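Down below are the structures I want you to see.
Look for chain A in each of the two complexes below; its partner is chain B in the first and chain C in the second.
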Partner chain A sequence: MNPVSTAVRGLFRSPPLLTFLLVALVWLVASLTLRGFGAYGHLRYLLELSAVIGIVAAGQTLVIIMGGIDLSVGAIITVTAILLPLISPAADPSGIVGIALALAIATGIGLLNGAGAAYLRVPPIIMTLAMATFLQGLLVMVAGGSAVSVTNASVIWLGQARPLGIPAGVILWIVVAISVLLILHRTPMGSRFLALGANPVAARLSGISITRNTLVLYALSGFFSGVAGILILGMNRQGYVGIGDPYLLTSIAAVVLGGTSILGGRGTYAGTIPGAILLVTTTALITIVNASPGWRSIMFGSLILALLLISGREARR
Partner chain B sequence: MTTRSISSSGLYRAIQSRRNRGLGGLYIVVVAFLLLYVWLFPGIVSIGGFSKFTQNWFPLALVTMAQALLMLNGGITLSVGPLVSLGAVIAATSMGGFAGTWGGIAAVAAIGLGIGAITGIIVAHLRLPAIIVTLAGSFIITGIALLILPRPGGFIPGWFSDLLAGNTPVAFCLLLVAIAGWKLFMATPAGLGMYAAGENPVGAFRSGVSVERVKVAAFAISGLLAALAGLFVAAQTGSGDPLIGNPFTLNSIAAAVLGGVGFLGGKGTMRGAICGSLLLSVMINVMFFLGFPPVAQYVAQGLIIVGAVAIPELTAQRRKK
Partner chain C sequence: MISSMPLLEARGISKGFFGNPVLKGISISLQPGRVHALLGENGAGKSTLINLLSGALQPDGGEIAVDGKAVSRFNPGAARAAGVAVVQQELSLASELSIAENVGLGAYPRRFGLVDYKALAEQVKTVCDMVGLTEALDTPVGDLSLGRRQMVEIAKALFLKPRVLILDEPTSSLSAHEAGILSALILKLRDQGIALLYISHRLNEVRALCSHVTVLKDGVVTADQPLAGVDAEGLVKLMVGRDPGDLFPTWEAVLPGEERISVTGLSAGMVRDIDFSARAGEIVGIGGLVGQGQEDFLLGLYGALPGSVKTARLCERDGLFSDVGAANAAGLAYVPADRKKEGLVLPHSIATNLLMPSLGKLTKNGFRDRGAEKNTVLQLASRLMIKGDTGRPVQALSGGNQQKVALAKWLPLDPSVLLLNDPTRGVDIETKREIYLMLRGFAAEGKLVILLSSDTPELVHLCDRVLVFRDGRTVAALQRAEITEEAIVGAAMGLTSREAA
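Moving on to the complex of A and B:
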């Protein structure tokens, strides 16, 4: 066994690294073959879009690692984006109060999801699905179906500002990524999440509270969806019903492309990061190829399948 | 062999009653909603009213069977909705053209079976998670439907629409046929193998079930049912629409879970799933007749789904204590 082949084999065993290399390869090839793809402005734009998916997928990664799933992230994003302009008090010119209130609501919704899953024993997939349906109805009642514009100064800064030439959203993503990675791999709480996902019974017998960790996880997922909702609102400057819908399936796809097992117990946010960039790049490439909506949809689905073959395979059990 | 001498029919009845036990609450809720519906809208007891009611229920019942079948086998599919759309689109484009009505039906059935089988092969033999394969598949299938028919249109022969969606309970009879087909299928080794492979893949494999082949078959049958639901929707609306099926994906999962089918395979029954789809369908109808705005329907639907799943769980927990 020579060292090179061992290294290559180790590489293929590490999905996060593999996904990172895939992104680098796609960016390199696309920059060399497509005019304008490699321009700094375009790559920065791709990263800005990835930041939104990456932040939503932060909560989703944690939930999936514990063996659950959150189908309400899209609805929570929409709730935050529509409620924030409505609840930002005019007396506060900085807009921080509005952001805090919106994040509190998003976290509260996540907490409700967790309570349903933990106390009522509703399977997470159905609890979060019902929550999404519920919120969808509630929102149309509150907002009346029209778009609301944002005047909150902090939100607009977040969506538009570029300190040192780096978009504020990307900086926010870096902060989120570092904290999630630290929580997951450097704290007892992260170990508990992984233990619960790998074997809930063994984890409970070792004294880990399923109830408390479920509550914390879904609250975190709600919080990160809320953060993403604020970022999207800042980038769009308008909130409307349905603004968060595209992020539900993309967040799950980013997690799985990053090598996290959909069955829980195995995975890392380090894979989700390149997963999100890969998804956005794929969508951008498909938009460049001037095709009909039908072909675009077929290409997107086939590419996800192809990428899955490389990084998302379940080990034989 | 003493177990066999106990008489297999007694064992059969004992197992059946155990499988019905958890569904008691669901049956009561379904009957209550049906009575409410009859009270609100007495027209349902006529043949025409009954036909219309079952026609609204039929496609949901078919996709719920398609979903429950896979969930019992330990899988899940997120491409039910797009498959319904594809079935409708193929029916609407082929029936008026070269294929004729029967050719159109055959085309829908063949494509449903084919796409289901391909999905199953990818999931079983390439060992990819079903949820994400069918998610990617839903994009591909939607794309194909959009290529065939970019905007709603096409043609369904008038007599065919009248036959399926007229004032006769043909849809209900077809549903009975589908249920009978499921009963027959469960009496075969393949049907039992499907259940067994969902409950305990290793145990099923050691008992001689070809787990991978059974999984491919489950996906193929599921695809067939979803595409046929699309055929019915096309007959009902008289045209094809490449996006008409989208709500069916989540509704099929909700109906199956309402009916007590679990996500981990082997847990639940098909009769429960069909009852779940009936409950969902009646619920939507009742709220419509009560004049709920569509928005309030969403809110109520969310609450009822959580309630219907949580209450049996909580009572079971209390009984255990």
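Moving on to the complex of A and C:
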């Protein structure tokens, strides 16, 4: 067989690589045609935005690989962003205690999602949607309509600092990415997630606990949403109701763009990373086009659909 | 006896699935005014024959004839036109619809283009009266007991005014009273000139209702004769009896070791109140008709199905397991019957499947130990004689090799008890032989093997003792010298072992 065609075919079988190449292509073409797009500052800004989606999508990737879905990530982000300024104790100038508390709350919410799915057998799509609705109601009562400003030093550092010229948020994303890739591909737990996603019955009869892994998984998703919420808060300096909403659809889209099967059992975070960058880039390009907000939304929705049709399509039998 | 023109005939039909022949040139002829019995063990090909006679499947060879004339393409439409109705073993009713709607499904009377419920009720009432359905006709079928639903199913078949009625184990969920009504109805239909084909595992019913019998055995007809003068034992003899050849290894019983399993009063799923114990070095066979609780028994022992016991001691541990992980840790392993759905993760690689149960053992500092994993996979593959790349998806393997993977994945855990659910179903002869050798090997190593099998010769030739299940209970416990196909099948059919022997 022709080695070139074999290589090309291999490429098309690897969705992560394909998505990476698509990102590179879009960046290259946009840099050459649009003034200012290829500037270091602009690309760095795109990566900063991608980091948030990438971190939310870290948990979402794991959940989807196990055959579930987490529709509460947006609400958990909002909860973290609003509660963190309120619960950071003034006695701790570093702000680490506040961060730890907020992450504990986010993880706890995820654990509740997992408990509902594992013990009460509520389908994850219903469990997490109900959780999101519940949290939104709670936040309206706690925060009302007003925004909450953050004074937590660590959070502000995370959102603003650029050690060695690299945004702290991007460094955080790299740490998250390495951890998730290790969990998924180098630990028994990751292998169990994949087995459970592909065939829960066979996995269970092989001694893999559905209950335990479901709990761990949704707790992880809650944790990563919390991390993303803190990052967003640092970048925005304010938390308000609805701040996390845009990240629900984008986190799922990033996962699927990266070639992870929405049906579970197959996928990798390595694809979600370029998936997140691709989404942000697309949004940026749409913003450059001088269109009304309504049209921008329509274009964004259509583009996500088109991108999914190209790269994230379920393999045909 | 006057032989009249058969209403429906199969003439030398054969049918295979995936190159595996199920029916090999069999013929059957259904005469008007006769109740014809169809008998055969599990897997003899009865269901396939029914599907061919009702047009649900097309034969690979041979032909179906209606009123003596061959029909070129006998599909469900042609079957309906010929007046063939089937009462299926698995109920096919829509539980949200009412009795009337279910019975009349597909033939609703219309008025101004809408369903005329009044006319429907009148039409349906006749057949419901015939089968003794006294419930209000607008009762949703989902509210009825299993036995009543079966009667609705029969009414539905009668509604089509069939000339040929096929009944596949119609009494398995009926109460004695309902079965009595059905028997009377069958005889009445027979006297009206309908041809009936009656499939049942209840030999007394068969002898009471039927006048002619066809016996299937491994896809061929081994008997086609009037029933008069054949007793129950005679029927059992017709169903068994085949030369096992040199398929099975020769073996010596191992002196049984310590007690590995001991339960009293085990109930789980459809299993009721079973006392059971078994020792290291034994192969204990579990037999019976399909679905008499054998699988629930294994799943109950394995902690995969919640159950209750009076006392239980499993691998030196008291009580039933709360989950599969605990059972694995204690030394139990389970190989499911449906390897594609329950045993393997088909799209994943052979290596991934082989490692699934032992992932937690092959680690270094909490991470997967690639070297140890690779060694384990290599060892298993060579032991199983699986050639080629273990990175291939397991679905690329043949059925036999898939089954070997489903079994071998447990070996790294060195289980002391193996629960095997029909491990040779759909497996080629060569792999069967390998699996049999492995099983006796396990027993010789001092493992306890519990072998649930739908293949009676397997139980006869491999097991130290055999339990036969019926209706969720053990109806026979056969020791080595007593294990014969006749004894197993007889007990499964509800004869006492003395009668059958």
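Basically, the second predicted complex is superposed on the first by the 316 of 317 C-alpha atoms of A that agree within 3 Å, B and C clash if a C-alpha of one lies under 4 Å from a C-alpha of the other, contacts with A are read in each partner's own complex, and residues count from 1 in each chain.
Here, a contact is a pair of C-beta atoms (placed from the backbone, for glycine too) under 8 Å apart; a residue touches a chain by one contact, two chains touch by 3 or more.
Everything quoted here is computed from the prediction, not taken from an experiment.
S.K.: Have a look and say if chain B or chain C is in touch with more residues of chain A.
M.R.: With both complexes superposed on chain A, more residues of chain A are touched by B.
S.K.: Scan A:235 for contacts with chain B and chain C and give back first, second, both or neither.
M.R.: In the superposition, A:235 touches no partner, neither chain B nor chain C.
S.K.: Tell me the contact category for A:66 with respect to chain B and chain C: first, second, both or neither.
M.R.: neither
S.K.: Is A:301 in contact with chain B, with chain C, with both, or with neither (first, second, both, neither)?
M.R.: Touch partner of A:301: chain B, not chain C.
S.K.: Quick one: is A:208 in contact with chain B, with chain C, with both, or with neither? Answer first, second, both or neither.
M.R.: Touch partner of A:208: chain C, not chain B.
S.K.: Return first, second, both or neither, reflecting whether A:192 touches chain B, chain C, both chains, or no partner chain.
M.R.: second
S.K.: Now for A:112: first (chain B), second (chain C), both, or neither, which partner does it touch?
M.R.: Touch status of A:112: no partner.
S.K.: Tell me the contact category for A:263 with respect to chain B and chain C: first, second, both or neither.
M.R.: Once the two structures are laid over each other on A, A:263 reaches chain B alone.
S.K.: Just which bits of chain A does chain B share with chain C as contact spots?
M.R.: Shared contact residues on chain A (touching chain B in one complex, chain C in the other): none at all.
S.K.: Which positions of chain B touch chain A when the two form their complex?
M.R.: 122, 126-129, 131-133, 135-147, 150, 250, 253-254, 257, 262-263, 295-303, 305-306, 309-310, 313-314, 317
S.K.: Which of the residues in chain A come into contact with chain C in the complex?
M.R.: Residues of chain A touching chain C: 182, 186-188, 191-192, 194-195, 198-199, 201-209, 211, 265-266.
S.K.: Per the contact definition, I'd like the list of chain C residues that touch chain A in the complex.
M.R.: 302, 304, 323-325, 327-328, 334, 336, 341-348, 352, 355-357, 359-360, 362-363, 366-368, 409
S.K.: Which residues of chain A touch chain B in the complex?
M.R.: Within the complex, chain A touches chain B at residues 116, 120-123, 125-127, 129-138, 140-141, 249, 252-253, 256, 261-263, 292-302, 304-305, 308-309, 312-316.
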